[in-house]
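Alright, structures below, take your time with them.
In what follows, chain A forms one complex with chain B and a second complex with chain C.
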Partner chain A sequence: MSITSEAVNHGRVIYARAYVRMKGLLREPHWSIAEVIIPMLSISAYIYMYQVLNAPNEFLGFVIVGGAMLSFWSNVLWGMSSQFYWEKETGTLGLYLIAPISRMAVLVGMALGGMINTTIRALSILFIGIILFPINLVIGDVYALAIIFTLTVIALYGMGILFASLFLLYGREATHIADLLQEPIYLLSGMYYPVLGSRFFPLAIKFLASAIPLTLGIDGMRQLLILGGDFNSVILHIIGLVILSSVLLPFAHFALQKMENVSKREGRLTLRWQ
Partner chain B sequence: MHAVEAYSLSRVFKAKQGTITALNKANLEINYGETLGLLGANGAGKTTFIKILSTLLLPSEGSASVYGFDVVKDAKQVRKVINLVSGGETPGYGILTVKENLWFFSQLYGLSSNVAKERIDKLMQDMELEEYADTRMHKLSTGFKQRLNLARGFINEPKVLFLDEPTLGLDVINAKHIRKYVKYWVRSDRTRAVLLTTHYMAEAEEICDRVAIIYNGSIVTCETPQALKASLAKDTSVEIEVRSSSVLKLELEGLLGSSIDNNGDGVTKMRVVLDDESRIPELISLLTEKGCKIISINTSEPSLEDVYMKYVGRGINTDEHNK
Partner chain C sequence: MAVAETVKVLVQGTWIGWKVESNWTDPFVFLAYMIAKPIASVFMIGLIFLIGSEAAGIRDAEFFSYAFTGAIFFIYPATMAISLGYLMHEDRAKYEVLKHIYIAPESIKPYIFGRATATAINATVSVIAAYILGTIVFGNFFGLDLQVNALHVNYPLLIITILLGVIAFAFLGLVLCAINLLSFKLQYSLSEYTTGTMFLLSGVVFPVSMLPVVAQQIGNALPSTYFLNLIRLALSGSSEFMIDLSYMVLSTIGFAISALLLFKLAEYRARHRGMIDRKAEY
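Up next, the complex of A and B:
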């Protein structure tokens, strides 16, 4: 098979898998509405708290941006990482595995569909937040904003692909791992408060937090959307995200192959009780 | 060369209590244009066999090839010529319609839009799914879900189709439709082959050219249904209904090597294969001695169930009950 026809086949798989995700959004819109309204409740709680404490107005914007970006983390954790595990439970995973396709293409399709759906959700949160609360958005550099957002999403979904492989191996423990990851990420990524610019967090914690694409993404977007920063103010964020993307994606590819081989050897791919 | 070849195929699983041998030096050859039935009780190794052949699982020992491609070394080539349909599985995504699900799977096999559309229309017609083309999968009945599953199995026009208990839990009409189609499909092109695992004797007898009996991970025999039954030509199959306690029922099972079909209201229905019809009085006195009240006795020609009993030492349903 030529490289071109192989690329076309990968494209078909990616599109088909993304299509399932997008159809899900269109056919069950009530889920998406819930996924916008529920985060808005906790966002509102933090905003009221900052207002009560007479915090600077920028903090309200920080909360909105953090809350919107958090949708991506929830999607990566529950819609990507655990997805292969659920597909194993329903028997669909076996159907992917007997097809002559790249497993990476399936995950990329899943990620693409998730990105599109979640971007709509995140924009809705941002839009509602702007309407409900007195937030002043200052978009200084649109290109830098686009770069930061794209790199954050790529690195995050790279992480999702990596976790999908690991969860495939750990089977039913996957949901527990997802649960365990949720709160620490909420804490370290600075969802409702600044982490990287804060004087409360030690340098080691800030460094550790920077290994999470969400932390760099949220902080960079806050710089550009709320504090009126330009490309130079987020250059370190961009470098960090480029490094994370270029490490996470190849590592995810390697892990996927490794996990498939181990699972085939140990019989974990299709045994539902594992 | 055969469509499927497996030699000394073994698979051992590690378990907390030690190891479980799911397949034990199994040998099998499937010819082109043939439907081979793999008959065995739950846990006999049927699904493990199919998983190895469909590249989902690596063998611990031995070798296997499908359409000339080694299942370990040439897994990608194997995947291009096979498909697998399992009974009781979800054939895709509930949120998608029947048509969309088939389109989705067609994309996994690199079908262009035109080819996919043509094939989907044909398969929906063959499976009588046209009426449900725009129905979401989660709204389909079990029978129609399985028809969709079968249609999915044909989407890439496989050369070798693995059917793992495809009629499991289906009503008579849906099961009959599926059997009929599989029979037609393999006979319409002699370069195709089907491996069907089942524990339904009638299914194996109806659509299989040859039947292999698998027991404790080993293939104990492989012949045409006619040849298998002919091997018991001198034997007599006796169906007996007795009234006995459950303790006695177990004792009889050991004594006679019989197949217990059902047991309700203290009535036990048994099937025993005797090598000579003249041994029936001997059987009656044995049962009477054990305190059984004989309700009825009927003799018949040996069936595939009797063949299974001969090779395995007990009936396939007995195995099921004991699991």
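Up next, the complex of A and C:
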């Protein structure tokens, strides 16, 4: 197969898998509504808590930005990482593996569809938050914001592809591990408070937290959306996210091949109810 | 005889619940899982308090105690709603055992309450761990005191409140089971809606009085609101708990009656529509 026809084939796989994600958004609109309303409930509770504490209004904005980005983390966990586990449970994983297509293209398509859906949800959360609560958005540098957002999403979905490969080995523990990666990550990445600029977090914890793309992404977006920062204020965030993206994507590709081989050898690809 | 049978099913439901929730890994990993998740959400509240207080320039220790205690004991309704909200889907579609439970005489409700008991036991472990670790970390490193004197705690009230709360949340679980019996697509969102609504309206991390009037009224009808109020009163050793206790008992009874009626109706419709063993998800 020539490089061109291989690229066309990959493109078709990516489109096909992304299409399913997009179609799902229209097929079950109540799921999309739920994914906006449910985070808004806890976001509102944290905003009220900051109001009781008399914290400055910018903290309300921090919560809304963190809450909007939470959609991406949920999508990475449940829509990417656990996806091959669900496919195994529903019996479609075997079909992917039989088809003459790249597994990586399937995951990229899944990520692309997820990114588009989730961006709509995140924007909805941001929009509702601004309507309900006294939040001032100060967008100083649109280009820097676009760079930070794009890099965050690429790094996050790179992590999602990596997790999806690792989760290929799992049985029932897949859902529990995805579940376990929620609150501890919210805690570490500063979903509802600033981590990198806070004195309550030791340097080692800040360094560890920076290995999660969400931490750098949320902090950078808060700088640009709430605190009125410019490109220079987020240059370190951009460097960090570029490093994360360039490490996570190749590593995800390697892990996918490795885990597929291990799963085949151990006969785990069609095993249900483990 | 009937009571003995019911108790037997309840105990078996508890045992199955424990097995399903814990045997996906070894006991140490399970214990870490059971502790890490609630501790993270409780610590998040502590950090919001610290960071928000620093930005405001005021540190209200009483409010820390309020929010932190609320977050710790909210583990009960959250864990039970999530676990029972998923139960019907899991047993019907995933493990395909719901029809077998139905074939056994009078077994579904005791089985659900057995599963609720197993979840409540797990939640108790999480609450104790979160309380101990939270006290150590925020007390030693940040000088924040939960303002609880072990000698002044009203232990009988604490135990009664937890038991009443577990009963109320088990009936809440029955409501979720009733809804899921008639639907095939709500198993994930329903429990999240429930926990999110309770988290916002029950005065977990801020007083209910902060909410708009309509939301306050809804919050005041929820057993979780009185559950958390009573827990705070019991921990502070206060003797002025009769009003909250009466409301808690009344809202639990009201909730139990509604849940039983709803479940009966859902069961009737599900059997007539052939939904007990219908596999729609897989």
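Throughout what follows, the second predicted complex is superposed on the first by the 272 of 274 C-alpha atoms of A that agree within 3 Å, B and C clash if a C-alpha of one lies under 4 Å from a C-alpha of the other, contacts with A are read in each partner's own complex, and residues count from 1 in each chain.
Everything below uses one rule, namely that a residue touches a chain if its C-beta (ideal position, glycine included) is under 8 Å from a C-beta of that chain, and two chains touch if they have at least 3 such contacts.
As the structure is a prediction and not an experimental result, all values here were calculated from the model.
**Student:** On the A-aligned overlay, A:V142 touches which partner chain: chain B = first, chain C = second, or both, or neither?
**Tutor:** A:V142 contacts neither chain B nor chain C.
**Student:** Quick check on the superposed pair: does A:V13 touch chain B, chain C, both, or neither? Answer first, second, both or neither.
**Tutor:** Touch partner of A:V13: chain B, not chain C.
**Student:** Between chain B and chain C, whom does A:I3 touch in the aligned arrangement: first, second, both, or neither?
**Tutor:** A:I3 sits against neither chain B nor chain C.
**Student:** So, A:I38: does it touch chain B (first), chain C (second), both, or neither?
**Tutor:** A:I38: touches chain C, not chain B.
**Student:** Identify the partner contact of A:K264: answer first if only chain B is touched, second if only chain C is, both if each is, neither if none is.
**Tutor:** first
**Student:** Going by the contact rule stated at the top, is it chain B or chain C that touches a larger number of residues on chain A?
**Tutor:** C
**Student:** A:Y50 contacts which: chain B (first), chain C (second), both, neither?
**Tutor:** Once the two structures are laid over each other on A, A:Y50 reaches chain C alone.
**Student:** Touch check for A:F200: first (chain B), second (chain C), both, or neither?
**Tutor:** The second partner, chain C, only.
**Student:** Answer with first, second, both or neither: which of chain B and chain C does A:Y96 touch in the superposed model?
**Tutor:** first
**Student:** Touching A:E28, do we find chain B (first), chain C (second), both, or neither?
**Tutor:** After superposition on chain A, A:E28 lies in contact with both partners, chain B and chain C.
**Student:** Can you give me the overlap between the chain B contact set and the chain C contact set on chain A?
**Tutor:** 28, 90-91
**Student:** Going by the contact rule at the top, pick out the chain A residues touching chain B in the complex.
**Tutor:** So the residues of chain A touching chain B come out as 5, 8-9, 12-13, 15-16, 19-20, 23-24, 27-28, 90-92, 94-101, 264-267, 269-270.
**Student:** Considering only the defined contacts, which chain A positions touch chain C in the complex?
**Tutor:** It is residues 28, 30-31, 34, 37-39, 41-42, 44-46, 48-56, 59, 89-91, 171-173, 176, 179-180, 182-184, 186-187, 191-194, 198-200, 273 of chain A that touch chain C.
**Student:** Contact residues on chain C for chain A in the complex?
**Tutor:** 24-25, 33, 36-38, 40-41, 43-45, 47-56, 58, 60, 63, 67, 94-95, 142, 185, 189, 192-193, 196-197, 199-200, 204-207, 210-211, 281-282
**Student:** Provide the residue numbers of chain B that touch chain A in the complex, in ascending order.
**Tutor:** So the residues of chain B in touch with chain A come to 11, 13-14, 51, 54-58, 76, 79-80, 82-84, 86, 89-93, 95-96, 100, 103-105, 107-110, 136, 152, 156.
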